[in-house]
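In what follows, structures are represented as structure tokens.
Next, two complexes with chain A in common: one pairs it with chain B, the other with chain C.
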Partner chain A sequence: MVSVMHANNEIGTINSIGEIGKICRERGIYFHTDAAQTFGKLPIDVNRLNIDLLTASAHKMYGPKGAAMLYVRTGVKIKPLLHGGGHENGLRSSTVNAPAIVGFAESVKICLQEMKQENRRLIKLRDKLIKGILKNIPDSYLNGHPAKRLPNNANFRFAYIEGEAIIMQLDALNIAASTASACSSPKLQPSHVLLACGMRPQDAHGSLRLTLGRWTTEREIGQVLKILPGVVEKLRKMSPFK
Partner chain B sequence: MYTKKTLKHFNNPKNYGKIKDPDGIGKVGNIICGDVMWLYIKVKKDKITDIKFETFGCVAAIATSSEITELAKGKTLTDALRLGKDDIIGALGGLPPVKIHCSVLAIDALAEAIFDYLTKNKLPVSEDLIKRHEVIQKHKEVIEEKYHDWTEMEEEMHEGSNG
Partner chain C sequence: MVSVMHANNEIGTINSIGEIGKICRERGIYFHTDAAQTFGKLPIDVNRLNIDLLTASAHKMYGPKGAAMLYVRTGVKIKPLLHGGGHENGLRSSTVNAPAIVGFAESVKICLQEMKQENRRLIKLRDKLIKGILKNIPDSYLNGHPAKRLPNNANFRFAYIEGEAIIMQLDALNIAASTASACSSPKLQPSHVLLACGMRPQDAHGSLRLTLGRWTTEREIGQVLKILPGVVEKLRKMSPFK
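Moving on, here comes the complex of A and B:
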């Protein structure tokens, strides 16, 4: 079996799963994709993309925590991991979380209804954010694919400064962000995603992820564009590297 | 997470920047690991009259840098060398366990700056300080060897700022 995530949660890059699925299909290999970042957000046609198995979570699309799904193409045989009462045709023994499942279904409905216009809105805001940051902050770079990326994801790298320091400065100014820097992780290791992309550890330390959502406004994007350059400048003043 | 005092130092760090013509410089840490601390000192009559830091690093690295400058300023070299990581941690009201190494880095940077001052001026260096210097340098060598190609770039980046 081959398993490739549809889009990367950290850098937002959308993988070419259609091509991967085709290669797998030609060779008779099952293809699974983790669509946690894309289900309900991007159109997914399991036939066109040659997907045999697909997983998604409710809480990634404004649904309740505690419900997830596995799509299984007809004819694909899977074995259960949980044994016991024989729920869900013996594939997943455990009492079903009915309220969460109903909530999941409702969130799918809403996401499907709003997908087109919501993506248009998010892409506009995301690109405003990316353009503004790259233009106004020297030595700033975009991580991930410039075009093939999630509508809600922007991930940057700022030379000479460290990511945890950036997010804590932003936090004090009411902007919530995340980083792939080693200092923010319990293992003190920089993001394996950025390292796998060929980034050097010292560059991965200066990463910042900003994600947008259903309630992100243009005003908020403007605020980030106003505040972030000053934060980066302040930290660079303290840095031995310039 | 971080104490209020740590965040106060992080948000309003004291004594950051460079000292022109410093009497001693202590450079510790490694950019690959994510913390680099440079301490500059001015010494008059055996006392640290001025001290500044430049740090690449997280909240704890910046806060401990700021704190060490406050603790060391005005102290005699002998008293400054008596400062330990627990003095910094205590002054900050605690540090998360994974960030304790930042306080060690700050103490090391101070020891290195004093060592630099003493050797430059051909002044006597205590056996204890020589030992500390050797341990810090040894540790540096181990990391530099491990990440040779990457550390060259660290110097390049800094030299670029002078040009």
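Moving on, here comes the complex of A and C:
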């Protein structure tokens, strides 16, 4: 089996899963994609993309925590990890979380209805954020693909300073940001994603991830553009690397 | 490892896990108990009962679906089933369901506060139900231990008729009951628990499980005692076995 995430959660790059799926299909290899970042946000056609297995999670698309899904193409055989009462046709024994599942379905409905106009809105805001930062902060770089990226993701590298220090400054000014993924945030290691992209550890440490959502406004983007250059400048003045 | 459930979900029998735990401890074998039916309902002292590992579930004690717990005695080494982001000290990778966990904790608090008086109340109602049924319905028997049983569980066998037929009749009269466990209810097989107790398949098919809860009233017990004898009599008249 080959498993490739549809879009990367840290740098926002949308992978060419259709082409990967095609190669797998031609060789009779099952293809799985983790669509946690894209399901309900980008159109996904499992037939056109040659996807055999797809996972997605409710809480990544404004649904409740406690429900996730696995799409299994007819004929694909999988083995259960959890055994017991035989729920879900024996594939996942465990009392089903009916309220969360109903909430998940409702969130899918809303995301599908709003997808087109919401993506237009997010891309406009995201690009305003990216252009503004690259223009107004010297030695700043965009991580991830410039065009093939999630509508809600912006990820930057600022030379000479650490992302963690930026986050603390922004937090005090009511701006929520992160350096890598939430899962690995307690580890204080440079992002394995950025290292895999070929970045040096010291550069990966200087990265900042800013994500947008359903309730992000143009005013808030303006605030970040107003506040961030000063924060970066202040930290660079204290930096031993500059 | 030895794993024995603290109390059986179908017949309500409370197992002698303290003695089983002692035997395991003496032989250096890990002892796990599934306390889904007892956690928050009966006092459990993991030291006195020699429990190394204990599982419990929020939705079995008026908490939300989507949260469960595993108690691990200090020094007991376990391997994870789910891998990924390294949540829960690497033991269960998965975004934590914070709202459900908070709700679980709250339900534990309430159950502990009410346990003593609630058990007194349930035992009184349960025993009224058991005595009334055994007295008023001929050829009726109690399944499970007469004394060492869950305060909220009553499980009967009625000769000559099927439990499924009783349930359908009761359902039409707004009385919710079951034959075996909810997990295996779609299977239409006789309960493996009753068969393991030494019951013949035809007798296991004639079993009915009535469970009480926080909102069960004495009036409702009276209603069941009034309605059930007639239902059993009616079904027996149609029975080919009588």
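Here is the rule we use: the second predicted complex is superposed on the first by the 233 of 242 C-alpha atoms of A that agree within 3 Å, B and C clash if a C-alpha of one lies under 4 Å from a C-alpha of the other, contacts with A are read in each partner's own complex, and residues count from 1 in each chain.
Throughout what follows, a residue touches a chain if its C-beta (ideal position, glycine included) is under 8 Å from a C-beta of that chain, and two chains touch if they have at least 3 such contacts.
As the structure is a computational prediction, the values presented were derived from the model and not from experiment.
When the two structures are aligned on the shared chain, A:His87 is found in touch with chain C, with no touch to chain B.
Look at A:Glu162: by the touch rule set out above, it reaches chain B but stays clear of chain C.
By the document's definition of touching, of the two partners only chain C reaches A:Asn97; chain B does not.
Of the two partner chains, chain B is the only one touched by A:Phe241; chain C is not. When the shared chain is aligned, chain B comes close enough to touch A:His205, but chain C does not.
On chain A, the surface touched by chain B in one complex and the surface touched by chain C in the other have residues 181-184 in common.
Listed in rising order, the residues of chain A touching chain B in the complex are 159-165, 168-169, 172, 181-184, 186, 188, 190, 200-202, 205, 237-242. The residues of chain C lying in touch with chain A in their complex are 57, 59, 64-66, 81-82, 84-87, 93, 95-100, 181-184, 187. Contacts from chain B toward chain A in the complex involve residues 2, 7, 10-11, 13, 16-17, 27, 31-36, 38, 53-62, 65, 98, 147, 150, 153-154, 157-158, 160-161.
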